[in-house]
Amino acid sequence: MNFVCVKDFENHAYNVLPKNALDYYKSGAGLETTLNNNEKAFSRLRIRPRCLRNVSKRDLSTTILGSKISMPLGIAPTAMQKMAHPEGEMANARAAEYYETIFIQSTISTSSIEEVAEAAPNAIKWFQLYIYNDREVTLGLIKRAEKAGFKAIVLTVDTPFFGIRFADMKNQFTLPPHLRLANFGGEKATKINSTKDGVSGLNNYVNNLFDASLTWKDVAWLKSVTSLPIVLKGILTAEDATIAADMGIAGILVSNHGARQVDGTPASIEALPEIAYAVGNRVEIYLDGGVRDGTDVFKALALGARMVFMGRPALWGLAHSGEEGVKKVLNLIKTQLDSTLAISGCSSIGDIKKEHVVWDNYYCKL
Amino acid sequence: MNFVCVKDFENHAYNVLPKNALDYYKSGAGLETTLNNNEKAFSRLRIRPRCLRNVSKRDLSTTILGSKISMPLGIAPTAMQKMAHPEGEMANARAAEYYETIFIQSTISTSSIEEVAEAAPNAIKWFQLYIYNDREVTLGLIKRAEKAGFKAIVLTVDTPFFGIRFADMKNQFTLPPHLRLANFGGEKATKINSTKDGVSGLNNYVNNLFDASLTWKDVAWLKSVTSLPIVLKGILTAEDATIAADMGIAGILVSNHGARQVDGTPASIEALPEIAYAVGNRVEIYLDGGVRDGTDVFKALALGARMVFMGRPALWGLAHSGEEGVKKVLNLIKTQLDSTLAISGCSSIGDIKKEHVVWDNYYCKL
Amino acid sequence: MNFVCVKDFENHAYNVLPKNALDYYKSGAGLETTLNNNEKAFSRLRIRPRCLRNVSKRDLSTTILGSKISMPLGIAPTAMQKMAHPEGEMANARAAEYYETIFIQSTISTSSIEEVAEAAPNAIKWFQLYIYNDREVTLGLIKRAEKAGFKAIVLTVDTPFFGIRFADMKNQFTLPPHLRLANFGGEKATKINSTKDGVSGLNNYVNNLFDASLTWKDVAWLKSVTSLPIVLKGILTAEDATIAADMGIAGILVSNHGARQVDGTPASIEALPEIAYAVGNRVEIYLDGGVRDGTDVFKALALGARMVFMGRPALWGLAHSGEEGVKKVLNLIKTQLDSTLAISGCSSIGDIKKEHVVWDNYYCKL
Amino acid sequence: MNFVCVKDFENHAYNVLPKNALDYYKSGAGLETTLNNNEKAFSRLRIRPRCLRNVSKRDLSTTILGSKISMPLGIAPTAMQKMAHPEGEMANARAAEYYETIFIQSTISTSSIEEVAEAAPNAIKWFQLYIYNDREVTLGLIKRAEKAGFKAIVLTVDTPFFGIRFADMKNQFTLPPHLRLANFGGEKATKINSTKDGVSGLNNYVNNLFDASLTWKDVAWLKSVTSLPIVLKGILTAEDATIAADMGIAGILVSNHGARQVDGTPASIEALPEIAYAVGNRVEIYLDGGVRDGTDVFKALALGARMVFMGRPALWGLAHSGEEGVKKVLNLIKTQLDSTLAISGCSSIGDIKKEHVVWDNYYCKL
């Protein structure tokens, strides 16, 4: 067994994925300062373990928007997963189903809402929404997600424009011709398969079709057209979190979009505390970005997240062996989280306290 | 398309420029701590993006000393640009003209004031002034710039001496024989083509011909002899900025001369906040040094600059393909700035606020 | 003489030990951030030497739990030392005996309590205890240690679970077949010689046999069944130290288990000051983790430790030449400590004061 | 001309010196954290240049203990300079003489007091004193220095023991047989030419012959037996500086002995401010350690030193070409200091102010 941590799956994916897909999956915006920092910031946090607390039985389960999940780690929405494995989003969702946790499906997935629902009927599925200029199309997506039994709408609010990713520009990234954006017909399904002027096909797609004029009023509209709880994905400041809480949003997913939108944003874990401090008692708070390890999950929870999601690690799992690969990745991190809880003196998710985690500079003050 | 960021142009220039010119262009003073820090300091700043703010239409234009420019990024004065491309300053000015922004011409340029004016009649041109021991010669330059339609005099105040740059000393740098300092005749045009005692020819030139005795009185003199607005280039402290503001100077260009004068000065972006804080409401403040990316422009503006300039990136553009190359560089950064604005929730330059940018250590306090 | 510091012994061991044993000895948990930090944190401390204090005679001796030792450096408990040298724990204990300092024997040693006692009758021996699910077995260990003349019970409180160490997982670590856990018979002696499912045999062993339900009540139980003083090993927070002090525990060994339990814990030396501050006047405080040098000992003592222990360096000494190798390692650090005392203006352990050591950031405040 | 900075001379010396001598010259104590930090700490300081201050004429001269020197950079005492060049200390002193600055001769030099005095009669010479167990011998040195026209006694207070330097241990360092400690006869001259037990011959020498019992009373004794002003070399704390000032000592040389005594001491430049703050108005304060550049001199002066010394750079100069080499090194740094003054807006040493220099973290506070 040579796969003992996420890095092993990542290294494997680097060897097997075609360059076009690999670069698309792994890249961050600009100089990738934030991409690196998403992981590095976790390593600047210190765990303060408590001892002698009877940790013989541990329970990693928690509830999210009323659903019980077996551990506070789910799968973040990432686009076009069939580039990693023929079963793409369906395999990913089944792995989440197996581990009784949340799978978030991207709007621009290569399996349709209905295909995913059918593949993983018992998974807790959320639908990640991009609002298109074409509001009818948008509404259609929402209704199909509701009908397919999805449990929340995750509105991504950090993507009025698509981030500039150098590798995709160099590769003139397009979706391979045998794949399509499965939730759509016509231009919206296939515009991403071609490019012009050496620009990433995805950027063309997004900047042409997504609605860059969104404001909080559109969030109100969204609330009015769906009965599902709404999660805002991509909030990075206490200011925006406060507006969301004031509007009665159900959840906030603190995220910098895997460092793919604009380089220089804080690591998600850096941004978390100010948001938890501002609205932690009013809204459920989640985090994604740089989670690679059970200790990362623990740290995020101590700093105020209720659960975390991971994007790329699931893609590396898919690239390895589809559903099985994602399960292995989930299992590794679950085992690590379990161990971290035990060694930190926690028997349950609720035992994780603020005092369990501090920044490294906490220690050089005495 | 393999040129997607300034670094690509820089790498290209490293391959094509002769060593003598390349070293002159890229070097910084002494051990180059500040040179590296000029760029690195930008990467220690974090952007706090705001979301849901209707960014469907963005306007990058602003006004500087009353002139409207299409974006807050211009071209800093760098000497002897014909070493990079036969059309040198003329090509550079035409690129600025194309992008409706400011071109600052160096006193020690290899195209004359008049040649630049003729090449780019509609560019907003500023003239960077070194005051020579010979005050008549100096006055001549000012009058010619006025006559040629330049819109401001940029007095460089950080160069009573020329900085010590190890590579130029090793190379015994001189201007290649087929080029001359085009604003002058006689010794002032050609002294730079030779050297002695293993000293850079440029250092000999400057230390012999420039007036190292300048004080604020000479700034008063300058004000008295020209009707053009005066910008002081090279201020790095709140103390000097305050004197400038008290004298009624129109603009301050916060700069460490591309880290070429004395190693150990702060990065320009480090020095900016204290100056903005001290005089930001009384003087227009600009910045140059280490700007390589649209996010850098955004950060500088958030910290108090009204516009920024870049020196070396334009040289790398020139070395690539003259006017076209500089245009490409300007276009890349403009596109990045546009994307940064959008993703940060800004529709116009005026929307960029202090709260949008913080130092990295802001996040490890909670 | 090419062995002038611990690193030389470490490098040697890397060359001579079989991979299975070497990886087991050297690894830390997870990504090994804490493992590296255990040593690096020492290097961020600065010694403030005092001069002109007559250091012609130095005395490194001190007393620990009433026993006089020749220097404040002892040997931490590490499991299965016969993988490093055929005489394993016995050789190690003899080296400690020679240097009149403390040897702590691990529960899961490859020499028995009685063998160690016989090999080093005059050594000050402490017994490190893991509490097994089987309380009778546990009690047996305690009684045997008492009978064999051990002077303290060191209860390790950071190991309800065994840490996740990637290399051991990849190696599917097991104790080589010719060795056994010498304090036990049956399953408890040999379960560690095999593995299943690509999991470290040690993790299987610990997670099956150790009691993960321990609480402070079990510490009270331990106090009630032995007359020996009790040291709690593995405390990293002021909170737990306070509980221990309130219970009348004799000693606290500040330790993160050589960074082997969960990655992300503070370096031991980082955690020390808060503990010394909280209970330093009520309990004897010791430290292990990253001690490689006489200056490390000095720093730990200045920050509040009464003595320190080292784990891996003794293993490297064993791997070099058994008892002689450990003596050489002890001698090197003793000589360095002596030199550090002299140059810092201290003639005795008691002369080392808080003011002698500060964190590096102390100096950039001006 | 390929030698444009101290590093060039250092690299050259690394190529030409025999290993035994090179290692002795370049090494620091222990893991060399402090050795590296001596230089690196300078690079964490920022110069805040002032502009428009008439720097056409600059005067680098200053007075030290009443003697006028041409620049605030002198030569620190380093032992056994003939290993670098046959003329050793004599060549070094002549270079100092040429540049009208201070040369400090080591007690354990390979030229005698009288030889140096004869070689450089007009140099301002100070004598660095190690107090031997044999007080008569010590007194003899003082009297000879007085007679030979030396202007101060520099008592090194950081060397009750010699530091542990790994390379010297490995090399079993001894002075080559054709050289001797020229100030002595008999054992004191030659004991250093041999070694035993793989210990550096120098450590044997020092630890046997130097007086490790020194206290402030011995400083009082020294004051009583000489009319020369006394400088204490090796003070690193405000506490000791205060004692020195209270005793009426003339000068304090802030130094960590080139990081050769105990690893972990602060960089000299780190220790300077607390000392300047405590006694800067009562005692002349100097610094050595890590000075490699004109900006280093400037920074030390801004933080409170009246002059600085350099040790190794002069050895690299000697190794290059004896007196000429040292002159070249002095000239390079002098030129750099001159440039630094000019560009920072200073015309004289007295113009350098505290406000000219700040630590790097000054700038990330906003």
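Should a chain be cited, it is by its letter among A, B, C and D, assigned in written order, with residues numbered from 1 in that chain.
Everything below uses one rule, namely that a contact is a pair of C-beta atoms (placed from the backbone, for glycine too) under 8 Å apart; a residue touches a chain by one contact, two chains touch by 3 or more.
These numbers come from a predicted model, not from an experiment.
Overlaying chain A on chain C by C-alpha atoms takes a rotation of 90 degrees, rounded in steps of 5. Residue numbering shows that chain B and chain D use the same positions for less than half of their mutual interface. Using mean Cα coordinates as chain centres, the one most removed from chain D is A.
Centre-to-centre spacing of chain C and chain D amounts to 41 Å, using the average Cα coordinate of each chain. Centroid to centroid, with C-alpha atoms defining each point, chain B and chain C lie 59 Å apart.
Multi-chain contact residues of chain A, defined as those touching 2 or more other chains: none present. By the contact rule set out at the top, the touching chain pairs are A-B, A-C, B-D, C-D.
By the touch criterion stated above, chain B contacts chain A in their complex at residues 1-2, 4-5, 43, 45-56, 293, 295, 299, 335-336, 339-340, 342-344, 355, 363-366. Looking at the complex, you find that chain A touches chain B at residues 30-31, 33, 41, 44, 157-161, 163-164, 166, 169-170, 172, 197-198, 211-216, 218-219, 232, 234-237, 239-240, 261-267, 270-271, 273-274, 277, 359-361.
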